[in-house]
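Working notes, beginning with the structure itself.
As written, the chain order gives the labels A, B, C and D, with residue 1 at the start of each chain.
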Amino acid sequence: MPQEVGVQYKEIMKKYLESQSEEDLYVGQQFSRRFIEKNIAPEDVISIHKNALYELHPHLRKQVWDSFDFLIEMMIHYGLTLREHQSLVRKQEAIQMEMNVATKVQDTLLKTTSPNVRGLDVGWVSKPAQQMNGDYIYFLNQEHASSVAVADVMGKGIPAALCMSMIKFGMDGLQFENSSPRNVLETVNRIVEKGVDDSMFISMFYGKFDSTNGHFHYASAGHEPALYFDSATSSFAELDAKGLLLGVKKDAYYEERSIPLKAGDFVVMMTDGVTESRTEEGFVEMDTIQRLLVDVKNLPAQQMAEHLYNEIGGMQEFRLSDDFTIVIFKKELE
Amino acid sequence: MNCRSSVEIITEWDIVAARQLGRNEAKKAGFGTVDQARITTAISELARNIYLYAGQGKIEIERVSEGGIFGIKIIASDEGPGIADLRKVMEDGYSTSGGLGAGMPGVKRLMDEFKVVSEVGEGTTITTTKWLH
Amino acid sequence: MPQEVGVQYKEIMKKYLESQSEEDLYVGQQFSRRFIEKNIAPEDVISIHKNALYELHPHLRKQVWDSFDFLIEMMIHYGLTLREHQSLVRKQEAIQMEMNVATKVQDTLLKTTSPNVRGLDVGWVSKPAQQMNGDYIYFLNQEHASSVAVADVMGKGIPAALCMSMIKFGMDGLQFENSSPRNVLETVNRIVEKGVDDSMFISMFYGKFDSTNGHFHYASAGHEPALYFDSATSSFAELDAKGLLLGVKKDAYYEERSIPLKAGDFVVMMTDGVTESRTEEGFVEMDTIQRLLVDVKNLPAQQMAEHLYNEIGGMQEFRLSDDFTIVIFKKELE
Amino acid sequence: MNCRSSVEIITEWDIVAARQLGRNEAKKAGFGTVDQARITTAISELARNIYLYAGQGKIEIERVSEGGIFGIKIIASDEGPGIADLRKVMEDGYSTSGGLGAGMPGVKRLMDEFKVVSEVGEGTTITTTKWLH
């Protein structure tokens, strides 16, 4: 460690010993902040201190100096921990960089294209609570139908990301003729069941808007019910269907249901990050969500989704405790 | 048990005044030398943040008690630019590598309780308490 | 911090000040090891030390005690770093657990089955340098052909793992009729090019043994050449074919070549983790690899692969600097 | 410049003897108090490992020089069970949480150069050097 640190230390301490002023302690502490950066270990500080004291008061009894040697010995393990910390910080930075790359890869890998089918207005928002999103939206676009899978992978981070890529490629391989919600969930369930071990579960809601007859078909693998807004009565109903989480059982059965959508009706598909949003006052009530949706029911679907996120996210100061995903399918006015 | 003293932070030397006040109050409250130094360091960091980022503000120090336990509460407030990304500010900066000193996470660690309220364009208020154990 | 630590500290220091023996320092240091576990910060140690010295030598001059107060002030930032370290260690442990789950998911996701076609003996080894493997082997088994893709994803860890899952699902979707090496690489290249951003490259060697005519067909996307052993002349030749890394260019062209395999001939496909193994004496020479293979040429392919790993891995004390993958296709003796 | 002294490690008290020898040699070589303490701690850890895991072994201490720079070399050897997974032993154990003290990574950090040779069933030899800067 540089000689000059010792000289400065002595000067600052000398002033403090004369004045005992807060100012000198402040100067001293500002000075000490640089120690760690300069790789000066705590045992080095004791040694610097001992030397400074010796130069200022050389005639103290021998035991004082011996006691400093003892103190140095007691500090060695702190010095080791400090160096360990520095290596851990570097490791952590490397992991952070890796996560940044992984997030970019995931974004590119999982990108999906909003549907564009006549008569349907689609909006969506998906925000991760931490760096990597464990919620997943997949759009399937066909000539006369628009479908969406909204999934929530249990767990977060890297394992969840791997699972999602599996879902994506599984769904990429789906043939047109099998794209009914029930068939999709059955197929994806088989892929997930085969591909991952028992500790991984995925909930999924699959909704399909058929533009030929204006019906919304859906099935659910243990997912949050969707919300259906009936514009005629200005009331909400939950859309749910029976079905196990993906990956639990090889030959799971998924119920398929449907509902006609009239102009101005909309369906809101969500993950539990929306319905179980926690604020300082407790969970966000379903009533609140419905009220927020009604407030903006005449806006385009994308603005509706963003409004819901801004309001509910805002209630928790955007410190989400879970990934937050909303997809809105809204039947356009003729 | 409701005497609140305060120091306006305008120049760097006010940081020293705030420290001095904090150390005196901590001593009077019965904290030992090491905890006095910790409380003083927390005040020092809060005051420096005001000085560096808000330009000016105020440090208030109050002796408090709750359920028979005594402690010292520090309120650092300013009408500066506020903190846009609280999550980021509260993240460990790993002082080893950074040059910014202890920062918010450091203050949180030096004390027992910690709360920030901040609005962009409105200012920031940080309230932090240490209890006599 | 417990009162009793101070009492013990004083006793140990007292003995040391009387004897100045190494034994007392040893006892002292063993005692100090517990400090960090007990959440005693370095500034606490100074305070304990000051009190102990005061009890042993109360009549030292005032400046000594003041100097300890100064020293406490100088130690505060060390104490903070220590606490930061403890929080970082916990974070690191959480990441480690996540990585363990991810590795398990990856293992299940990417599992592949060794081919079982008449006349061909297959062996393979794939060892990661760190926790997650960035090399990837994919076997494709057909009635009269056995194929293998050996890939090396640039970069490691999580982003690499995501890429591999993409390759796997891409290849799962391949149709039988398109399984010629050139077609496979062209198809996978399109998937990779579409799926990942420009920072990700993958090298791949694709080899296909056709049991109907005993030929080995191959193509390469910027991968290490394979080694062909001609049992008749007991000599080696490199098998290489022109082709860009996967993901560089959308319409990359891949050359396809082939070679007849006679009984006792074998082909060794590797990643650069094998050919660029670094030992204390420098890189492992190709000669060494060839000699090691000849030594065991009469053993089953699996044992050959393991022998190569044990020898080359051993030279670097199994601290691999890169992922290490070998696949051996050996034409069986009639 | 080729005097090698050594201590047999059989009982816990031999650890103290090895420390004493190391401290004396480090002092004679011209290391300051703090580096003396670091070298002694490294020896202490190595000797303890021998005592705890190999039962018995030897610590040798040698003054060395290379290109005009002087230093001290410690060789810790035993014929114990050896280390099966060197990679794991060299990993940071994060002494904060573990109870095993500094361990191998600690010794490596206390010194400047470090090398382990170990064979299962044959024993372990660790060679580590610190240079006078």
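One rule holds in what follows: a contact is a pair of C-beta atoms (placed from the backbone, for glycine too) under 8 Å apart; a residue touches a chain by one contact, two chains touch by 3 or more.
Bear in mind the structure is a predicted one, so any value in this text is a computation, not a measurement.
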Count the C-beta contact pairs for B-C and for A-B, then tell me which is higher.
B-C
Subunit B and subunit D have mean C-alpha positions lying a whole-number Å distance apart equal to 45
Could you please state the distance in Å, as a whole number, between where the Cα atoms of subunit A are centred and where those of subunit C are centred?
27
Chain centres from averaged Cα atoms put subunit A and subunit B apart, in whole Å, by 30
Shared interface positions of subunit B, touching two or more other chains
41, 94-96, 101
Pull out every residue in subunit A that's touching 2 or more other chains.
25, 29, 33, 36, 46, 73, 76-77, 81-82, 84-85, 88-89, 92
Could you classify the connectivity of these chains, where an edge means two chains touch, as line, ring, star, complete or other?
other
If you go through all the chains, which pairs of them touch?
A-B, A-C, A-D, B-C, C-D
Given the complex with subunit A, which residues does subunit C contribute to the contact?
13, 16-17, 20, 25, 28-29, 31-33, 35-36, 42, 45-46, 49, 53, 56-57, 60-61, 63-64, 66-67, 70-71, 73-78, 81-82, 84-85, 88-89, 91-92, 95, 98-99, 101-102, 104-106, 108-109, 155-159, 161-163, 165-166, 168-170, 172-173, 195-197, 199-200
Under the definition above, what is the set of subunit B residues touching subunit A in their complex?
13, 15-17, 19-20, 23, 40-41, 44, 86-87, 94-97, 99, 101
Per the contact definition, I'd like the list of subunit A residues that touch subunit D in the complex.
41, 43-44, 46-47, 50, 69, 72-73, 76-77, 79-81, 83-84, 87-88
Subunit A - residues contacting subunit B, complex
22-23, 25-26, 29, 33, 36-37, 82, 85-86, 89, 92, 317, 319
Quick check: in the complex, which residue numbers of subunit B touch subunit C?
32-34, 37-38, 41, 92, 94-96, 101-102, 105-106, 109-110
